[in-house]
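Got some structures for you, see below.
Both of the next two complexes hold chain A, though its partner changes from chain B to chain C.
Right, the complex of A and B next:
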């Protein structure tokens, strides 16, 4: 079926508006033909200049929002490399949601597919991107009804399946980016406070030294409306990951401690201690029907 | 005029947009404000701080929802998932009406996050009215469509912007959110008399007005919501109030946001421009 005039108009203009800006943050030549076809000039502005206003607003808005969500990644990569990455990502994936909050949903997959955009900071940058996206999720993702501890204690581990809260993300990372991001934010706050007193200054996060690699297992979660990072022992991380994957509690424990030469009573004591903390945090929930669906892949839905 | 079917027969005075920098002041000082307008999308997450704050606001204040991403003018029909989330929020806020913009903004599932102006064509009237009706039916609430600021005009257009607005609201049988700052900005960018626009709008359909500041550049004006309202915009507002009577009025201030008192004081200037009988009401 032929496109309607309105559909053709919207497709052409959207294409021109979402095309990356050229030198001097002006609209690229490819947009000029679209402008000439659809946009009227006036006494002060040519058609291309009028369309350029929308082209610029689009990129400034999306880059601003992306920069707000991934300030740590910008610090790791440096301003120029981060901007190149942001433009490449937004050009390839764009925004697939009415909510700007979702802008970074495909970033982790994108940077795995495009390591050349990360320079020598690949693993550190990937870890930071994963952490910052987990923060977005922890901020406002759903909270399901928590599991009843009494009910929980009465079930048989061999049959028990548990859900984890949607706001909780588990990450296995090569670098301690949780501490790094906290440091960066602290220096940002100090800079902001100095800037207020001096009336100038930048709010951008700055990385002064690359941290040494040191594997960490993290749970990024929300408590009393505040986002937290909690470090986990590797076995605790694997246990929670197995539960999230749908394993029974018994199988999850087996997978978590499979290779460790630890006495059964010690394992039981550890697991009891962990579950006591996790139920207190509210991480464990019944697995509602909606959560038994396979989770959507963390990838750009458009590319 | 206020308290019409386009406002669910509710009478609202002068309000301001609820913005994050003012949360603490509002929750602690509980200032007297007739109503707050919220950006719906900011509260359409599933949990967390935004909804927790909103619930506290709702304990004290009346709230009206204003959206920025329904894109009535898209050729695609409204997204069902978006509508379901929006409807859930309307149940929470008990908003008497819902507003969004007379614009388009996404194509093939890719979003510009901008309020892009329509070509003023009969095809666009039909498409836009269909989408407004669909949203109105789904939400079971009156919908008001807002005129946007624009920086471009199109060869395809077959009528003026105000004629287009009137055709859409008649065909959709919906209300109007008349943004007088947007009229002013577009009039300067396109060279028409803004009073022609205000005089052409059907007064009975105006559910709400918006006021805001803007930024003047050398060759065009940008709708930035980061300044006080300028006198020519107040004059347009006065004209609109003379024609429409007392209409729910809302000041938007979205960037370089000053203190709560400054924003609220600016909004309350609107009372000076209400018709005498209405201001006393």
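Right, the complex of A and C next:
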């Protein structure tokens, strides 16, 4: 087999295997011709049935993985709507990485581009998707070297820049989705416990919420291998966001408090405590020289 | 009254120095042990308990959860996956290929 034949063979099989399933969770008709051309039948299975096994396991694996990562979103949308969204997203964006961890990386952009898939749950669903993707990042994104406080303090204040750890995500949200996810987890644990004792299944919890009275500011991070959702005061959120955007420490402080009519010494006491905590958490870091070039995202070209 | 960003930045530096001292004394656990709501509280735990195994062996369930319990690269409980793009990796190549193939055959 020459290279062009091999390439055509691979493309045809990949296309058939990675195509969404049709009615009854069977392979779509488009795959039948590929099966007839490339797959031999055996005594028990026709060619299309043999290829269908691969098509099904691929899709069920993706859907299962997606459902694991976005359980909160499923509880907001309901099972049917979530399944429709999952299929539409995976059909459009697919799995662009060898690592299933990256499967949901384009979801936030996708649902902004396709609000019709969220029905009346749009704003809550968008917040939930953002938080659940941040949780994935917090679990295993890189940790850069933490700053050396003594060395850092020796720099000129107007030139001091701080990096934030790649595993740390900052979110400004309309809904208290951190609390909703906690409620969902408790409900799932209780249901699992009841199922073990009674042997019966239980209905899945649906999540509903009203928007919070004021924006919810969250830092999603990890400490000692555990992922946390930490609420931030608005000024703390803006300060961290300015640092992440590359502002100097002085400018970030100025941007976070603006013209706030509170004495600087009162603010200073608060800021000292925040930075003390952020340093202890390990959030503040130096960007390694090797990482100054941003890697190309694996984003879906369609969304 | 306008705030003085230089005073605030100085307070931030003092905080960094103080946080570095706390880190040196108690390691990385300072945050999680503080009461909820304080600056030193790590926040709400995403999973119920730290003991959740994320047992991904043979399931490719590493995705974002790390902790390849029993895996060849021994990352269970060490979170050595973090920053390396998932625990099914070793020397830049996926591991457990044979186990995954077995699973797929089933």
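In this section, the second predicted complex is superposed on the first by the 268 of 303 C-alpha atoms of A that agree within 3 Å, B and C clash if a C-alpha of one lies under 4 Å from a C-alpha of the other, contacts with A are read in each partner's own complex, and residues count from 1 in each chain.
By definition in this document, contacts are C-beta pairs under 8 Å (C-beta built on N, C-alpha and C of every residue); 3 or more make two chains touch, one makes a residue touch a chain.
Keep in mind it's a predicted model, so treat the numbers as computed, not measured.
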Which of chain B and chain C A:79 touches, first, second, both or neither: neither
Touching partner for A:98 - first (chain B), second (chain C), both, neither: both
First, second, both or neither for A:225, with chain B first and chain C second: both
Which of chain B and chain C A:139 touches, first, second, both or neither: both
Touched partner set for A:284, first chain B, second chain C, both or neither: second
First, second, both or neither for A:153, with chain B first and chain C second: second
First, second, both or neither for A:30, with chain B first and chain C second: neither
Partner contacting more residues of chain A (chain B vs chain C): C
Chain B versus chain C as contact partner of A:11, first or second or both or neither: first
Partner chain in contact with A:68 - chain B first, chain C second, else both or neither: second
Set of chain A residues, in rising order, touched by both chain B and chain C: 57, 61, 65, 98-101, 139-143, 166-167, 222, 225
Touching residues on chain C, where the partner in the complex is chain A: 1-23, 26, 28-32, 39-48, 50, 60-67, 77, 79, 81-89, 94, 104
Residue ranges of chain A in contact with chain C within the complex: 57, 61, 65, 68-69, 98-103, 135-143, 146-150, 152-153, 157, 160, 166-167, 178-179, 181-182, 185-186, 189, 219-231, 249-251, 253-254, 257-265, 267-269, 271-282, 284
Contacting residues of chain A [partner chain B, same complex]: 4-7, 9-11, 13-14, 17-18, 37-40, 42-45, 47, 49-51, 53-54, 57-58, 61-62, 65, 94-101, 139-143, 166-167, 222, 225, 301-302
Residues of chain B defined as touching chain A within the complex: 41, 44-52, 69, 74-75, 79, 82, 104, 106-114, 116, 119, 121, 123-124, 127, 151-156, 189-191, 219-220, 222
